[in-house]
Amino acid sequence: MDRKNLERLRARYGNAKADEVFDPEFKKLNAALFDKPGQRRLPYGGISTFLDAPLKDDFSDLDIALIGVPMDLGVTNRPGARFGPRAVRAIERIGPYNHALKVAPSTMCRIADVGDVPFRGRFSLDEALEDIERYFKSAVRAGVKTLAVGGDHSISYPILKALGAERPVGMVHFDAHCDTGGEFDGSKFHHGGPFRLAVLDGVLDPERTIQIGIRGSAELLWEFSTDSGMTVVHIEEVAERGTEWVIAKAREVVGEGPVYVSFDVDGLDPAFAPGTGTPEAGGLTPREAQAILRGLKGLDIIGGDVVEVAPQYDANTTTAIAGAQMMFEILCLMALSPRK
Amino acid sequence: MDRKNLERLRARYGNAKADEVFDPEFKKLNAALFDKPGQRRLPYGGISTFLDAPLKDDFSDLDIALIGVPMDLGVTNRPGARFGPRAVRAIERIGPYNHALKVAPSTMCRIADVGDVPFRGRFSLDEALEDIERYFKSAVRAGVKTLAVGGDHSISYPILKALGAERPVGMVHFDAHCDTGGEFDGSKFHHGGPFRLAVLDGVLDPERTIQIGIRGSAELLWEFSTDSGMTVVHIEEVAERGTEWVIAKAREVVGEGPVYVSFDVDGLDPAFAPGTGTPEAGGLTPREAQAILRGLKGLDIIGGDVVEVAPQYDANTTTAIAGAQMMFEILCLMALSPRK
Amino acid sequence: MDRKNLERLRARYGNAKADEVFDPEFKKLNAALFDKPGQRRLPYGGISTFLDAPLKDDFSDLDIALIGVPMDLGVTNRPGARFGPRAVRAIERIGPYNHALKVAPSTMCRIADVGDVPFRGRFSLDEALEDIERYFKSAVRAGVKTLAVGGDHSISYPILKALGAERPVGMVHFDAHCDTGGEFDGSKFHHGGPFRLAVLDGVLDPERTIQIGIRGSAELLWEFSTDSGMTVVHIEEVAERGTEWVIAKAREVVGEGPVYVSFDVDGLDPAFAPGTGTPEAGGLTPREAQAILRGLKGLDIIGGDVVEVAPQYDANTTTAIAGAQMMFEILCLMALSPRK
Amino acid sequence: MDRKNLERLRARYGNAKADEVFDPEFKKLNAALFDKPGQRRLPYGGISTFLDAPLKDDFSDLDIALIGVPMDLGVTNRPGARFGPRAVRAIERIGPYNHALKVAPSTMCRIADVGDVPFRGRFSLDEALEDIERYFKSAVRAGVKTLAVGGDHSISYPILKALGAERPVGMVHFDAHCDTGGEFDGSKFHHGGPFRLAVLDGVLDPERTIQIGIRGSAELLWEFSTDSGMTVVHIEEVAERGTEWVIAKAREVVGEGPVYVSFDVDGLDPAFAPGTGTPEAGGLTPREAQAILRGLKGLDIIGGDVVEVAPQYDANTTTAIAGAQMMFEILCLMALSPRK
Amino acid sequence: MDRKNLERLRARYGNAKADEVFDPEFKKLNAALFDKPGQRRLPYGGISTFLDAPLKDDFSDLDIALIGVPMDLGVTNRPGARFGPRAVRAIERIGPYNHALKVAPSTMCRIADVGDVPFRGRFSLDEALEDIERYFKSAVRAGVKTLAVGGDHSISYPILKALGAERPVGMVHFDAHCDTGGEFDGSKFHHGGPFRLAVLDGVLDPERTIQIGIRGSAELLWEFSTDSGMTVVHIEEVAERGTEWVIAKAREVVGEGPVYVSFDVDGLDPAFAPGTGTPEAGGLTPREAQAILRGLKGLDIIGGDVVEVAPQYDANTTTAIAGAQMMFEILCLMALSPRK
Amino acid sequence: MDRKNLERLRARYGNAKADEVFDPEFKKLNAALFDKPGQRRLPYGGISTFLDAPLKDDFSDLDIALIGVPMDLGVTNRPGARFGPRAVRAIERIGPYNHALKVAPSTMCRIADVGDVPFRGRFSLDEALEDIERYFKSAVRAGVKTLAVGGDHSISYPILKALGAERPVGMVHFDAHCDTGGEFDGSKFHHGGPFRLAVLDGVLDPERTIQIGIRGSAELLWEFSTDSGMTVVHIEEVAERGTEWVIAKAREVVGEGPVYVSFDVDGLDPAFAPGTGTPEAGGLTPREAQAILRGLKGLDIIGGDVVEVAPQYDANTTTAIAGAQMMFEILCLMALSPRK
C-alpha cells in the first residue's frame, strides 16, 4: 500500500464535509443536481413520479414532459398495462446521471412529470386514442417534447399523429413484434397495428424506421413492415451480428431527421420483463438494449415511449425497473439531441 | 313482475341522462362529490394519493391533512413499513362515501394529501422521531387535524407529543400488541413502546386508553398497560363478548375528551393483513374492526394513524386494501367529530 | 377401547377389497360416481374442465351446461377476469359430493363443460354481450340450464336476457356492489350496471331480487336497487342478523318462481378472494356464503354464474378455489331444483 | 389525567433499568425465560429452530422433543409438505408465553428441536413410514413426548403406532378430511387413511376420537369414521354450535386417558392456510382453532403433530405462521398435562 | 418520405379487407393455418391444450401426438413437475409459425393434444414408469411420433424404451445434469438416472448422445456419461465456443440415424426457468437453446420431451413460457424431419 | 450402437452396488465426501446450514468459518437483507464439488457454519458494526478464514478492519456500485461507503482493488474509487472486452498478496438477482461472475462475503440460489489458496 497516497487520501477525505466532492466535473454536476431544495429526499418518501421528476400541471416552462398513458384497451391477450404508469412511477433511484453517456438530463433541460392523459372514459378504445392525440398535440403546440409511459402499444399511433403531423418522423423501435398488422377482430386500433396506421397516415416514414428484437409467432401478420420499406432486425440477427452492427444499421436507417424511439418491454426476454401482455421467449437483454440506445446519441430524438409494462405479471418488479431504466436512457438521448 | 313498477322505472331511468340520480340525498351528495372538475378520473389514472385526495404542499386552507410517515427504523423484526405510505396510496377506489355512517368526509371538510414528513436522513431513529414531532406540531399550529400512514408504530409517540402537547388525549388503539414495553436493545424509541413513552410524557391519558385485539407472545412486556390504568381487551374477549360490548367499553373508557385512534394492521388476522412486520395468528377481522370504529361515531377524534403496512409481505395487496379502508373509516370519524 | 368393536372393524375392513364401501347409501353413490371408466384419474391429470365435468361440444343430451365467458371489457378498474374460466378450470378436487346437501349432482343430471362462449372479437364490449346472449339463447332453446363462469359482471345482463326472455326471473345476488348503476363513461354495458338493464328489459323481476353482502364506496350509484324494489342486504346486516335470517329473507323475496343465482367473488372478503377487480374490505366469508346458498335448497334455480375471478391478483389461488366451490354449490342447487 | 398516577408511573418506570419488570408473576417468568445466555437474540438471527427451541442431537435430558418429518410421499394431489418443517422453523417470534393459558412451556419442561427423522431414502412411502415409526419409538423408549411437524398426514400413522403401542390413545383431530379412507391407488399408506390403519392396529381408540372441521368432497370415503365410533364434527356444526360446544364435546369424547392432538392445517380455511396440498373452502378460523385447543387444557396430551404445511402455495407465509402458532398451542397443552 | 411508396401502400392496404395478406407465401400459410373454423379464437378462450393444438382421444389419423406425463415421483428434491403439463397448456400464443425455420408444423402434419398418460395410481414410481412405457408403445404401434411434457426427467426412460425398442436412438439432451447416475436411495428409477438405464437397456446409443449445458454439483455421479461414450458439453464450453460449435458437434455426434430430443428446463439459467425442482445457477439462455435446436434442422427427430417444469416456483410463468417455446421448436424439427 | 461397448457397460454397471463409482478420481472424492455418517441426507431434511456445512459453536478445529451477518441498518433504500443469511441457508444442493475447478472444498479444509454474529441489539448501526468487527477479530485470532453472508454491504467495513488489521488487503469486488461514497444523511457507516472507510483506515489497499460490474445512477458519488487508485470496471467494459480480459486485469491489479472477495448480488442483473435493495438494470450474468471468480484460482484469498440478498423481493428464490452459488465459488477459491 502506497503510504503517500494513503496520507493524501486521508488529508483530502478524512475531514471533508459531508458529501464534499473534489472532481471538478462531478462537483459541478452534484451542485446542479442536488443543491435544489427538496431534492435530497428518501427514495421511498414523497409522491412517486416518473424518474423522480418534479410534478407539474401543464406544459409551461418545460422542455420535456413525462406523460403517463394508462390505457390498455388495445391488447390482444393479457390486459394490465393500464397500471404501467403507476408501476414505473413506483421505481426508485433511476438517474439522475448516466455514466455511460456522461449526462444528467435534468441539468440540461426543464423536465417534469405532468401526470396522465385525461381520458373521457374507460370503455372505448377509439375515443381513448382521440384523447391521447389531442393531449399530445397540445404538448407539441406548447413546444414540449414528450416521453410517454403506456399503456399498451396502440398508444404510439395517436402519439405519432401528434408528433409527426408537421412532417413524417423516423423511428427506432424495440419490440418482439412488428406491430404493423391490419384490422383484427373488427378493429384497426389494437396494439398489434399502430405503425401500419402511422405510415398510412403519413406521419411515420417506413424507410426511416428500424424494428429491433423481432421474433415470436405473429410473423405472418407483418408483411407490411418489409413491404413498406421498414428495416426489420430479428433477434437472431442481434445475437449473431452484435449491438455495434445494430447501432450502425439504425443510424444508417434513420439518418439525420427527427426520430421517435418506441420501446416495448416485450422486446426484452421474459426473464428481464415478465410483466407484459404478450411475452416471447428469447429476447433482448437490458444490456443490449442499453448499448443500442446509447449508440443513438446525437440523433434528433423528438419523442419516445415505453409501453406494455403490466405489473400483474411482475412479481419482482424487474419489468418496471427495466422499463424505468429504458425511459431514462431515452430521456438522456432527448437531452442530448442537437435541437431542443 | 309488477307491470306498473316496470313502466315507472322505464319512464324514470330509461331516458335519464348519464349518471342522473333521483334520490334527493344521493343527488345532493353526488353533486357535491363529483361535479368538481377532474374528479371523475380513472382509478388507475393520475398521481396516486391517499384516498384519492387532492395533493397539497402545505397546511393552509385545510381541515384534515393526510400525511405519510415512511420510516421503519423502530421495527424489531421484519422491516418494510417505510414503503407503507406508497402502498396505501396505490389502493384505488376507497370512499368517498361511507354507507354505514352515511357520510362523505370530503363534502364536510377540506382534506388533502400533504405528502410525507420530510426527514433529515435515513439512519437515525431518534432524529426521525424529532422530525415527525416537528412536522406534526406545525400541523397543530395551523389548526389542522392529522391522519397519518406509517411507517412502524414508533411514529405514534412523536405524533402524540405534538397532538397532546396542550392536554393529554385519550386513545382507541387496535393492535395485536400493547406497545407499552420499555427500553429494548438500548433504545426507548422502538415500535414496541410508544405508548409507555407518551404516558410518561403526559401527552396520553392511560385511563382514557383502550387497547383492542391484544394477543401474541410479548404479553410479559406489557405490564405498563394495566399498571398505568389502560383498558386491555384481548382478542379472546372480542370473540366472546362481541363488537357491541367493545364499542360500549371503548366509549366508556375514552369519555368526552379528545381521542386519538391508532390502527396497527397487525391487529387484524394475518389472513387479512399478512403484509406487516410482526404478524400474530388469530386476530380481528376487518368487519369487526369496521364495526368498532363506526361505533365511535360522535367522539371527538382529533387525529389518527394506520401503521405497520409492509408491502413486501403482501402478495395480493389485501393489507394495503384493509389499511386504506381503516384510514377512510377514521377519516369519517374525524369528519363527524363534534368540533373541528 | 372396545375390543368387540375392534374385532368387528378388523373383520369388516381388514380384508376389504380396495375402496370397498359398506354404508348402503355411500355404496350406491360411489358406484354411480366412480365406476364409470376414466373417472378415477389423478386430479392433476388430463385436460382441466369445470368441476372435472366431461367435455362436450354442444348442448345435446345435456341437462346443465357449464360455460366459460372469458370477457372483461366491462371492468371499471383492474382487468383480468377474462382469465377467470381458465383459473376455475385449473382447480382440482371440488365435488362430486356435497356432504351438507347430501347430493351428487352428476348422479342426478347430465352435466358437461361445453367450453367457452365463441366471441367474434376481443375489442368490442357491445358485440361481446350480443355474442353471449346469442349463445345462451341457444342453450335455452336446447332446454339446457346454464351455469357460467365469468368474466366480469357485465356478462349477467345478456345471460339474463336469454334466460328471462320467456318470463322475468328472480335473483339471489352475492356481491359487494349492487351493480345497478346507470350509464358510465358513455357505456350502459359495464360491470356496474347489468341488473338495472335487466330490469328495464323486463327479464329480471326487481321485487323478486335480493342482493347480499353489499358495501363499498359506490352506494350513491345504486338508488335503482331500492327504488325498483330490490331487497338490499348490506354486509353489516349479515353480520348482525346471521345467515339464518338472510336465508329466510331470500326465500321470502324470491318466492316460488324461477330464480337465477349470481355470485360475484368480490362479495367475499379480500382475504378469501383477493383475485378480483374491485375488492372491498369487510366482506362475506365462504362459510357464510355456503350456508346461505345451501339454504336455497328446493328453489327453482334455473341458472347461475360465478364472476370476477381475476387470477392475476390471486397469488395462492384462494379466489379460484372459493369460486369453484361456489360454482359447485350452485350446481347442487340446480340439480335439486324441482323441475328440470 | 390523574396527576398522582402519572407521578407514580414516572417514579416507577422513568428511571427503571432496561427491561425491568415490576409485576411479580411477570418478573418471575421473564427471569426464567430470558436470563439464560443467548436467548435474547434477534428473531432473524442464528439457526432457525422450531419455536426458537434449543437444538439437540438426541433425546437425553428432554421432556418434549420437537421433530421434523419432511416426507410427502403420501399426498394425493399437490406435493410440497416435505418442506413443511423448514417453513415452520423459519417463522419468528411464536411464544414463549401463552397469555390465554398463562403458561410458558419452556419454564416447565425441557424442550428441544431434535432435528428431522433420518430417512433411508426419498422414494419409498412404505420405507419412510417405517423410519418414522422406528424414530418415534426411540423417543418413547427415552420417555420423551413428541410434537411433530409434517410432512403430509400419512406420518400420523407410524407416530401413533409408536405412541399407542402400549395402550390405544384417544385423539383430537383438526382437519377438513376424516383421513379414514381405505386403500387408494394400490396403497394403504397415503395421507387419506392414517386413522383407519391406526384403529385397525389397535393403537387409536375410535370411540375416544373426535374429528373437527370436516368438509369437502371426499365424504363418501369416510364411512369408517362413523362406523368405528369416531365423533365427526363437520365445519357447519362448529359454525352453528360454537367453540364452547365443540370443547365440551371433545372433552366428553376423549375423557381421562392419553390423548393425541393432530392438526392438519387444511382444517383452516384457505384464506388462513393456502399453503397446503388439498385446500377446502369454508374452514375453521385460527381463532376458533386456538379456542378449541385451549379448551383442552388439563387433558393428558401425550403427543401431537402439525401437518400438511406446503410452503410452495403460501405466498405470504400465513400458513406457516398459523401452523407454528398451533404447534405452540399444542406444546402449551403438553406442558400443562397432568403427568409428564 | 417517399410519396410514391406511400401512395402504393395506401392503395394496397388502405381498403384491404380485414386481415388480407399480399405476400404469396404468407398468404398461403395464413390460409392454411387460420381458415379452418374455430381457429381464430381468443388466446384466453376455450379449453387449454398444448400449443393450442386440437384435442383428440386416440392416435388415429395423427402424425405427431402431444402428450402430458404428469408424474414427479422420481424427483430428488423439490416436487411439483406433476403440474407441468397443466402449466404448459396454460401458455398462450406459442406458434403456429416459426420465423427462423420458416415452418408452420400444423400445415405439414396432423398434430393433436391427446391428453395425459393414464396412470393406474399416484404412489408407485415403478408402476408409473410401466404405464408410460405401455402408452408410448401404443403410439409407436400406431405409427405416431410423440412429443411429451413432463413430469420429472425419470419419464424419459420408459419413453426411450418405447421409441428405441426397434433400434437404439441417438439423443440431443439439454440439461444442467447428465442424469446418468446409478441407484439412489434404493431406486434405479429416479430423475437422476434415466439415460444410464436407457443405454444399459440398449435403447439409447451413448455414442450418438450429446449432453448440453451440464453443470452443478452432481458431476461426481456422472462418470457413466463419459465412460459410455456420450459427449458432455459443459455450460462453460457453450459460453466459450458458441452455439455454432455446439450445433456442429451435435450434428457430428448424432449423425444420420433417429434422434430423440430431451429438454430439461433446468438446462436454462434459473432467471429464465426458476420453476423447476433442481435449479442450477449459470445456465443456458433461451436464445442459445433456440439457436442450437434450430441448428438440428433436417435431422431425423423421432420424438422429444420437455421436462421438469414445476409451476410452484414460477411466479411469473417464465418457465412455462420457455418450456412451451422449446416444445414448439422441437415440434418444428419433427415436422421438418426427413421421414415421417 | 457399439455392441462391445454395451456389453462392457452392462458388465461394469449392470450389477454394480448402489452408487458404486469406477473412475478413480471420482471414487476417491465420493469416498471422501459421502462416507461420513449423516452426510447422505435429504436436501430438504435437517437443520439448514450454509452450503450444507456442519454446524459448529466456535472456531476451534476449523479452517474456514461460514458466518451469517443478519444486519441491514446501513441500507439507503429497500431493507430486508437482514434475512439474507436465512435465505441463503435455505438453498439446497449447492456443492460439494466444483466441476470447473475440479475441487471439493470440504475434502481439503475443515469448514463449518458457525451461525450468526451475536449482536447486542437491533437499532444501532454503529454498535452493530463494532459487534461484527469484534466477532471477525476473534476468528482471525483463532487462525480461521471467514466467508460471510450479509446483511447489507456496510458489513464489509468491519470485516475488513478485522481481516486487514495486520496488513492491508487487496480486493476483488463485484457490484453495481462502487460503495466508496462519503458521509450520507449524517452517517459514515452506510452500505454505500464501506470501502472508502476501509482505505482511509489503512486496511484495504486501493491500488490492489478492482471493482467489477459498476453502473447505475450514483456514479457522481464515487470519485474516491478512481482518485484513490482503485480499478473500476464498468459493466459496459465487461460486455465489450469479455471475462478473460477482466480476469487478467483482476489478477494484475491484486497481484500476489492477500485478497478479499466481496460479492454484492446487485452486481448481477435484476433478472438473476431481483431480491436485493438497490437493483440496477443491465448487470452481470451468473455465468460471467462464475467465470471471473474461477479465473482467480490460485490467488491468496483470505476471506470473502456475499451481501445484499433480500428475500422479500425474490419470489422465485433465484437471488438466494445465485448468492449461494457465488458463496460456493468463493469457498472453492479459499480452499485452493496457496496458504491456509
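Going by the order they are written in, the chains are A, B, C, D, E and F; count residues from 1 in each one.
As a working rule, a residue touches a chain if its C-beta (ideal position, glycine included) is under 8 Å from a C-beta of that chain, and two chains touch if they have at least 3 such contacts.
In this text the structure is predicted, and so the values were computed from the model without any measurement.
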Requested in this report: Over half of interface residue numbers shared between subunit A and subunit F means same, under half means different, so which is it?
Outcome: different
Query raised in the report: At what distance in angstrom does the C-alpha mean of subunit F lie from that of subunit E?
Result: 36
Report task. Let me have the rounded angstrom distance from the C-alpha centre of subunit A over to the C-alpha centre of subunit C, please. Result -> 44
Requested in this report: Report the inter-chain centroid distance for subunit D and subunit F in whole angstrom, where each centroid is the mean of the CA atoms.
Outcome: 38
Report summary line: Touching at least 2 other chains, the residues of subunit B are 44, 76, 78, 82-83, 122, 184, 186, 269, 271, 313, 315-316
Query raised in the report: Which word fits how the chains touch one another: line, ring, star, complete or other?
Result: other
**Report entry** Which pairs of chains touch, using the document's own definition
**Finding:** A-B, A-C, A-E, A-F, B-C, B-D, B-F, C-D, C-E, D-E, D-F, E-F
Report summary line: subunit A contacts subunit F in the complex at 1-2, 5-6, 9-10, 12-14, 16, 18-23, 26, 29-30, 33, 43-44, 92-97, 99-100, 269, 271-272, 285-287, 290-291, 315-318, 321-322, 325-326
Report summary line: Per the touch rule, the subunit D residues reaching subunit E in their complex are 72-74, 76, 78-80, 82-83, 120-125, 127, 184-187, 189-190, 312-313
Report summary line: Seen from subunit C, its contact residues with subunit E in the complex are 38, 41-42, 44-49, 55, 68, 70, 82-83, 85-86, 89-90, 113, 115-119, 122
Report summary line: In the complex, subunit F touches subunit A at residues 76-78, 168, 182-184, 186, 196, 199-200, 202, 205-208, 214-221, 223-224, 227-229, 234-236, 239, 269-272, 274-275, 278-283, 313-316
